[in-house]
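Next come two complexes, and both contain chain A; in the first it sits with chain B, in the second with chain C.
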Partner chain A sequence: MGFADHFPALIVVVLFIAAFVSPLLFRWVEKATAPFVIAALVAALIMTTALLVRVQQSGPVLYHMGGWAPPWGIEFKADLLRIFILLIVISVSLWIFIYAVRDLKHELKKEVTGWYYTLFALLVGSMTGMALTNDLFNLFVLMEICAIAACAIISIKEDRECLEASFKYLILSAMGTGCFLLGVAMLYMATGYLNYSLLQLELVETLTLYPRNIFAAAALFIVAFGTKAALFPLHVWLPDAHASAPSPSSAMLSGLVIKIYAFALFLIFYQVFPRELLDLIPLNEIILWLASLGTMFGSIYAMLQTDLKKMLAYSSIGQIGYIFMGIGFDHNLALIGGFYHIMVHAVTKAMLFMVAGVIIYSTGVRQIKDLAGIGRVLPLTMLAFTIGSASMIGIPGTGGLISKWYLSLSALEIGRPFFVLIILASSLLNAIYYMPIVISAFMHQEDFQFKVKPVPFFMQAALVVGMFFIVIFGIFSKPVVTLLEQAVISLF
Partner chain B sequence: MDNTTVITVLILIVVLPIIITPIIFYSSRVSEKLRNGLAVVTTAITFLLTLSLYPTIARGGVVQHTLFEILPNLEISLRLDVLSFCLAVLSSFIWFLCTVYSIDYMAKEHATSRYYPVLIFTLGSCQGIFFAGDLFSLFVFFELMSLIAYILVIHEETEEALKAGYKYLVMTIIGGLALFFGIIIIFELGGTVSLGAGEIIQESSLLALLAFICFLIGFGMKAGMFPLHVWLPDAHPVAPSPASALLSGIMLKTGAYGLMRVIFDVFSPELLQSSGWDKILGALAVITILLGSAVALTQIDIKRRLAYSSISQLGYVLLGLSVLNNNAVIGAVFHIFSHAFMKSTLFLAAGSIIYMTGKRRIDEFQGIGRQMPVTMGCFSIAALAMIGIPPLNGFLSKWTLALGCLDAQMPFYVLVLLISSLLNALYYLPIMIPAFFELPGGSNPSGHNNHHDIKLKIKEASPRMLSAMIILALCTFFFGLTPNNIVYALSRLAAAFLLLGGTL
Partner chain C sequence: MLSKIIGNYYYMVAIILFVIGMYTMLTHANMIKKVIAMNIMDTSVFLLFVAIGYTHGGQAPIIKEGSEAIYVNPLPGALMLTGIVVAVSVTAYALSLAVKIYRYYGTCDYDEICEIRSQE
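Here is the complex of A and B:
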């Protein structure tokens, strides 16, 4: 085996190594820490790109840890969809990290910054692992790492609010992982396998023998991943956690972490459970309705918020609803829409949290009503907010429209135009709470009433990158969509 | 011109204003003169470029070109045919005049460094709407224009303007979502949204009806169709006058244009008539005409009265589209031209009055005709055209529309047109008569011994503002004198083209 054959494992390993080395490095050569983590992320990105080229040439790549083939060893699988998710996770993390380096100097105590880098790299590493793994128990382990890292990057600020929020998150997330483990146990009991591919083959037969076991496992998985991904009505932990965390953490959590769980659920539904299961229980109907309710209620709750970051957090609940809709429609166009939305929302919401971070960094303002007139003093930041809002609403020329296009198209394709109305209604709701902020930021008659610190170059540059990609996703979307079409076609 | 040149020109027309926008924005830091000059030159070039497409149109050319694909089967494309040419030429012409007018009008105003870039950007997106080759591109440019025009609406930044702007924005978003729904249904049913594909929807179904209603909501909202007109009387008057002229004169027409495209290229007149959907449009048009005129009567603010009048006038266009025969469609297209000339004149004249005297209320207008004879003269010509007095263009469009209605055995519609003309007279004449025949302060001249002795100082607006108005008023006159004019000929060409299904 050549060096390149180990890429699937190395992507995860490089990030974990970065996680363990960075606190040491922070103690000895403080200045080199951030570049070191960036280097690790870039290395992971390069390896993922290489993997993408290989998968496009010769189909999915399977990697056996330590050379042990399943069912004994852990298997990593790299197909187009997983690599798509990997690319999003790593590149968005890289982008957030570059922003975070400056923002953290302001938000965190200096001693803990090294630890923050550790947690960040651990979080990214576990997410890449979750995207790659083809083994349920391995998924469980990575979920735990991810949950703990996520809790820690919330509570690292050490104020009362953060601790409370991360405790709430820890409890609910532990409940989620508990459910997941129970579900895995049930599947293992019925089949004796943990590997996705083997399970799928085996479950076709087992379904007739132990249907209850498998139903229970499916229910447990919905609860487990629903909690972790903040699927309505299991979202209660999210607003506090995402709003109180330092802004880069909020960007990571809202932009990436909740989506990786949605992706894990998708993999289990499409690559573990056999299609026959859907004939017995309407799993996708359940997800579809919960998702629809989420898109509406997330927006309605968001309207009632007075704190900017809380509003963005509630908006994430609405937006994750679109992604679950993509899974729930059970149609290839819907999956394209859902996955496209994973990408668009990752960039958009991360950028919006960065905007919130810049505002807090520069002026200390968090309340929405205090933002009146801020567009005059921070024009670039508020322009980014405007473009982000436009993408959330789904204005043409932004990425948000494309995902809504595919979701609506598939709703029509399966003959249920009602869901198009839901998508449109929630877009309107988004407009209702995002637009007044933009308007009052630019058009308020009096001047902005707080002191303004200049915004560092890197933070502004990060916002410009975000805006650029949101517009690119809205206009030059064809390459990504073609990639997704190829990826999704193998599932049906 | 061969096709590649035409395509290059088309791209230039749409892209040039949009890329000039940032240059104009930054040039205002150097000097205001440079910025104003750039804005005027850009609109002039856009107008000339659009005009240069005339030879292609005259020999009946249709050009359709795909720029790039956004999604598989969904592209950004451009299209030139006689209808798009008509509207593009009209819009760039009026844009040019309004920009010239703006230079002096906006000199006193605040935030001009924001006004001009937005004005030019809207021109680009407006031309984009008219030259869009498929519904999706049309939708993209339509939303772009509507959203950017928000900045024109709230330019004054008063509480009233912000409130009107918010209403406008919410309605725009609702309209946009409805359009999105409509387009996606068409895409689902027909597999394409290209305007060059001919009748995409050939048989009526529930989904097709839903799409038609969505288009009615989306485009009708922009055109001020009842019951979606509620934003218009608030939004148009609060904008600066040249912007109101453009909002009422041109941007309103984008809605009518969209409906034309939908009726003729997505559905077909036969389908509409056989399934009875034209009745929906007809009923709404009648209500819009009567309601707009009736409410205009009750308005005291001059610009609000003009805005309500726009609602009713766009109703004529919708009426022509619901009747769907040759004369009616000629009338509809010609009325788009007529109304653009008339309403821009009226708004520019009203703007000059507000600019020079600060008076907005109609009961304060006594004697203004003596102070500002040229302005009020232009106003009167346009207002008489609105009422439909021959030989002005408003008469010609009403005549043709009425002929169309009679051809379709719909004398009731003719009655509606007549009632609305009467109402027009009722709300325009009380502006003009006191302006010329009464004295400032409201006293009746006949009460004085010799009112000719009272000399009023003539205080006209600047030559630039006047010339814009005069040119527009002359258009109102010339294009109504006989039906043998270029605009009428273009309208006939467009109607023939549309009714024959684009095979000309």
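Here is the complex of A and C:
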């Protein structure tokens, strides 16, 4: 085997090594730590790109850990969809990290910054692992790493709200993993396999022998991933956790972490459970209705908020609804829409949290009513907020339109125009709470009342990159949609 | 039906423990009790896994040439070792958070914390 054959494992390993080396490096050569983590992320990105080229030429790549083939060994699988998610996870976290290096200096105590880099790299590493793994128990271990790292980048700030929020998050996510492991036990009991591909073959027959085990597993998986991805009635932990965290952590959690769980649920529904299961229990309907309720209620709660970051957090609950809708429609156009929304929302929500971070850094303001007139003192920042809001609403020329367009198309295609109405109504609700902020920031008569610190170059540059990509996704959507079409076609 | 339940009582015990753990974790206000309940819940799943691997009258899976003895499935046991390590680290982290919160409020009870916050 050549060096390039080990890329699927090396992507994860490089990030974990970076995680363990960075606190040591921070103690000895402090200046080199951040460039070192950036180098690890860039290396992972290059390997993912190489993998993408290889998959496009010769089909999915399977990698066996330590040379042990399944059912004994752990298997990593790289197909187009998984690489699409990997590219989003790694490039968005690279972008957030560059922003974080500057922002953390004022949000965290200096001693813990090295540890923050550790948690950040662990979080990214576990997410790449979750996207690549083809083994249920391996998924469980990576989920727990991800959960601890995600809670720890909230609680590292060590003020009261952060600690309480991360305790609540930890307890509910422990409930989620408990349910997940019980579901895995149900499947293992009936089949004796943990590998996705082997399970799918075996479950076709098992479904007639032990249907109850598999129904229980499906229900447990919906609860487990619903809790972790903040699907509507299970979202209670999200607003506190995402709003109280340091801004780069909020950007990571809202932008990437909730989506990787939605993707894991998608993989289990499409690559583990056989299609015959859908004839017996209406899994899709359940997810579809919960997602629709989420898009409405997330927006309604967001309207009631007075704190900017809380509002953004509630808006995430609405937006994750669109992604679950993409899974729930069970149609190839909807999946394209859902996956496009994973990409667009990752960039948009991360950028909006960065905007909130810049506002807090520069003026210390968190309340929405105090933002009046801020557009004249921080024009670039509020321009970024405007473009981000436009993408959340789905105004033409931004990425948000494309995903909603494909979701609506597939709703019409399967003959359920009611869901088009839901998508339209929730877009209107988005406009109701995003637009007043934009309008009062630029049009308010009186001047902004608070002192303004100048914004560092790297934070502004990060916002410009975000704006650029949101507009690019809105105008040049063709290459990504073609890639997704190729990827999705293999599922049906 | 009843004989099936009695025959598979270890599965039932695991599920009952799981529900007890989950109920306590979600309803009790005390943070330490929540952590204990989290452990009960995790342990019940470990119990279920190990019970799946057990074969009646089976031996430890050390294979000798030519012997036709029945062996216990070793895989669930190996998996659960990893599971226990994960549960320990989550517990340690949750307890450390509880300690930090105790330092701010002087209590581990969520109801009392809510009262303290509302008085501020």
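Operating definition for what follows: the second predicted complex is superposed on the first by the 492 of 492 C-alpha atoms of A that agree within 3 Å, B and C clash if a C-alpha of one lies under 4 Å from a C-alpha of the other, contacts with A are read in each partner's own complex, and residues count from 1 in each chain.
Simple rule for what comes next: a residue touches a chain if its C-beta (ideal position, glycine included) is under 8 Å from a C-beta of that chain, and two chains touch if they have at least 3 such contacts.
No experiment lies behind these values; they were computed from the predicted model shown.
> Please tell me, clash or fit, for chain B and chain C sharing chain A in the overlay.
fit
> With the two complexes superposed on chain A, say which partner A:287 touches: chain B (first), chain C (second), both, or neither.
neither
> Examine A:481 and indicate which partner it touches, taking first as chain B and second as chain C; both and neither are also allowed.
First partner only.
> Once the shared chain is lined up, is A:427 touching chain B (first), chain C (second), both, or neither of them?
first
> Go through the superposed model and pick first if A:409 touches only chain B, second if only chain C, both, or neither.
A:409 contacts chain B only, not chain C.
> Of chain B and chain C, which one contacts the greater number of residues in chain A?
Counting residues of chain A touched by each partner, the higher count goes to B.
> With both complexes superposed on chain A, which partner does A:393 reach: first (chain B), second (chain C), both or neither?
A:393: touches chain B, not chain C.
> What is the C-alpha-centre angle with chain A at the apex and chain B, chain C at the ends, nearest 10 degrees?
One gets 150 degrees for this angle.
> Quick one: is A:155 in contact with chain B, with chain C, with both, or with neither? Answer first, second, both or neither.
So A:155 only meets chain C here.
> Contacts for A:174 in the overlay, against chain B (first) and chain C (second): which applies, first, second, both or neither?
second
> Quick one: minimum Cα-Cα distance, chain B versus chain C, in the superposed arrangement, integer Å.
Result, nearest C-alpha distance in the overlay: 37 Å.
> Check chain A for residues that touch chain B in one structure and chain C in the other, and list them.
Of chain A, no residue contacts chain B in one complex and chain C in the other.
> Spell out the residues on chain A that touch chain B in their complex, using ranges where they run on.
Checking each residue of chain A against chain B gives 393-397, 401-402, 404-405, 408-409, 412-413, 417, 420-421, 424, 427-428, 431-432, 435-436, 439, 443, 445, 475-478, 481-482, 485.
> Hey, which residues of chain C end up touching chain A in the complex?
Contacts found on chain C: 18, 21-22, 25-26, 31, 34, 38, 41-42, 45, 48-49, 52, 76, 79, 82-83, 86, 89-90, 93-94, 97-98, 100-101, 104-105, 113.
> Along chain A, where are the residues that touch chain C in the complex?
137, 140-141, 144, 147-148, 151-152, 155, 158, 160, 163-164, 166-167, 170-171, 174-175, 178, 181-182, 185, 188-189
> Please name which positions on chain B make contact with chain A in the complex.
Counting only chain B, the residues touching chain A are 68-72, 74, 76, 139-140, 143-144, 147, 154, 157, 162, 165-166, 169-170, 173-174, 176-178, 180-181, 184-185, 187-188, 207, 210.
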